[in-house]
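Following are the structures in question.
Look at the two complexes coming up: chain A is in both, with chain B in one and chain C in the other.
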Partner chain A sequence: MNLTFFDQFSSPSLLGIPLILIAMTFPALLIPSPGNRWITSRLTTLQLWFFNLVTKQLMMPLDKKGHKWALILTSLMVFLLLTNLLGLLPYTFTPTTQLSMNLALAFPLWLATVLTGLRNQPSTSLGHLLPEGTPTPLIPALILIETTSLLIRPLALGVRLTANLTAGHLLIQLISTATTALFSTMPAISLLTLLILLLLTILEVAVAMIQAYVFVLLLSLYLQENI
Partner chain B sequence: GPLSERPLMEVRLGELHTWISTCHVSPQGLLGAVQKAWSSYCDKYIHVRRGGPSGISMLLAGYCLLSYGWNYQHLRRHRWRKYH
Partner chain C sequence: VLHTTRPLHTTQQGLAPLPPLPEKGGEVRHGLIPEEFFQFLYPKTGVTGPYMLGTGLLLYFLSKEIYVINHETVAAACILTVIIYGIKKFGPEVAAFADKLNEEKMSGALAMKNEAIQALQTAIEKEKKEQWRVEGHSYLFDAKRNNIAMLLETNYRERLLMVYNEVKKRLDYQVAMQNLRRQKEQDHMIQWVEKNVVQSITPQQQQDSIAKCILDLKALSKSAQAAV
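This part shows the complex of A and B:
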């Protein structure tokens, strides 16, 4: 049996219970509900401030009809942010490295935006398939290209998140293996690799946050076109 | 007071098995105990006016330990694997 570097991304399970269940539900524990206190605790205050900021940012370009999407987009953003960041802790499992989960998030939401557009404003939604000012001979080709671009969006959303996180975790594993392997023979090179590992970890924290934001931002953009 | 009514933190180690035998073991009882434990943890460390990083850090450390335990069978054979 040939175990490769990609084995780290198979979902681990103990006694038949997969770890992905715990990994997906644990972020809920980190967000305490505000309760009925007048002055909330420090953690709750910070979180409420953050949620307000995110909701305002996402809902600004949308008109009133789009504000129905506020809850799902904000909760999706917070979920992706927390699962991505928790995956950087030692020994933890990142559920967003599984393509199945990311496609399961991207596909229904994208489809919902497309169907909303087709139902409420069908001619405007279909009109997005042809940019303004295209020369007449190019119209058939451009419609095909724009349709393909529309249909590939959920795939792109899912694969972007998966690939970014998987590649990041893989790089961290490879470079840390190199650091420990080099430590006994060439300590100086090992220190250089350690420095690269530190910079990479900072990058991974940034990527974890940015990828969550990009996912939700693109969904809100697709919603803007169609609402 | 009597053993069955004392909370867990005030039970001595030697009396632990007697205490466990006196509590109601049922799904609702267990769920209630988990709920009570979680809310007492929150009230002690998180819903405080001047809380610090300790509340969340303990949760994260516990999560790391849980993940380590879940993966233990896989991690145990790390040294002898040919391909990581």
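This part shows the complex of A and C:
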């Protein structure tokens, strides 16, 4: 069918049935649960090794109290990684291109870190609003600036992920359209555009993985400040 | 049809020993299509059958525009190139890594088992050696007994010698005493005899003897000449 540039970003539905839930939960099918075998299959071994690595890396800077967040942060990381990577396949829908979903992920988690900090160690959390060693006249302005930076964090988290993925997908669409359009008139230029598309695809794979990691890393950093 | 003669769920399934996992996954051609499909078509269409089917299907979709070539096709080509390149290049390494992880797990447990077996075997050998040692104990005790007997004998002989020496010392003392007494008696007797003799010489006798001596000396002096 003839696709416009908006079709890959619209929420999928089949005969009026919204498929967004399937789109969001499908990646979970790709991670088999280990079962009760001692020597597991290759896929299970690799995924266990990967989860161990991610959890260790995320939880190392945190103290014991922060380890309660291990499950949600690791599952968030794996979810984002898989949805981003699967979205690179043709004719797929990437849920993380929707700002609504990313804000829904970022806002509650960020708010949880802030509230944890304010409840358990209020003065330390508020103290983060003023960096050390600022000259006295600058203090009021700096407090305002730091507060703004604190409040903008969920927006930044959500919009960063959305913008990166949407931009990447859009670029892929545009350049492949250019390749298709140029193919009949100037095949050589079309081949050059194809080469660019190849490089862009590699970049998009990297961006997909990095953005997932950055999202979770920043959340863990906010947690470190406040726990 | 439910076979009611077969009992359902009589044991807890989770506790039963699991069948071992198959060594390899199902055979796949071109990474996507199971080998069984090719075997299924082989009797009727031979080796090229599935490929003809695939080509025919593809051309059918393209010509009837059931699949439209649009920009997604190009994007699909690119991402598929990247994926296939990645799998071909890094696939064996990743598989080897997964196998290595499993192998390490297994080898840890195997090493433990082997060490336990080794330790027990060493213990058995040590025990056997101890038993062999016990057999030799009789010789050890004999030697010790001999030693002690020798010591006792030596001690006894030493003491015997000591006794002999002491007795000899006492006897020597007695002998020396007797000799001394004899000596003293002799000396005393000689002295007494001499004293008596000297006493018995009267002055007359003394003068007579002195005169005689002088006469003798004169006589001798006549015959002897002094040697110069």
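Throughout what follows, the second predicted complex is superposed on the first by the 219 of 227 C-alpha atoms of A that agree within 3 Å, B and C clash if a C-alpha of one lies under 4 Å from a C-alpha of the other, contacts with A are read in each partner's own complex, and residues count from 1 in each chain.
As a working rule, contacts are C-beta pairs under 8 Å (C-beta built on N, C-alpha and C of every residue); 3 or more make two chains touch, one makes a residue touch a chain.
Here the structure is a predicted model, which means the values were calculated and not measured.
By the touch criterion stated above, A:194 is placed in contact with chain C alone, chain B being left untouched. By the document's definition of touching, both partners, chain B and chain C, reach A:42. When the shared chain is aligned, chain C comes close enough to touch A:202, but chain B does not.
Of the two partner chains placed by superposition, only chain B is touched by A:29; chain C is not. In the superposition on chain A, contact is made by A:19 with chain B only, not with chain C.
Looking at the shared chain after the overlay, A:86 reaches chain B, while chain C stays out of its contact range. When the two complexes are overlaid on their common chain A, residue A:177 makes contact with chain B and with chain C alike.
Of the residues of chain A, those at positions 2-3, 37, 39-43, 89-91, 173, 177 touch chain B in one of the two structures and chain C in the other.
For chain A in complex with chain B, the residues that touch the partner chain are 2-5, 7, 12-14, 19, 22-23, 26, 29-30, 32, 35, 37, 39-44, 86, 89-93, 173, 177. Remark: chain A residues 1-3, 36-43, 45-46, 49, 88-91, 172-173, 176-177, 179-180, 194, 197-198, 200-202, 205 touch chain C in the complex.
Here chain B touches chain A in the complex through residues 42, 46-52, 55-56, 59-60, 63-64, 66-71, 73-75, 81-84, going by the rule given at the top. Only residues 14, 18, 21, 68-76, 78-79, 81-82, 94-95, 97-99, 101-102, 105-106 of chain C touch chain A when the two sit together in their complex.
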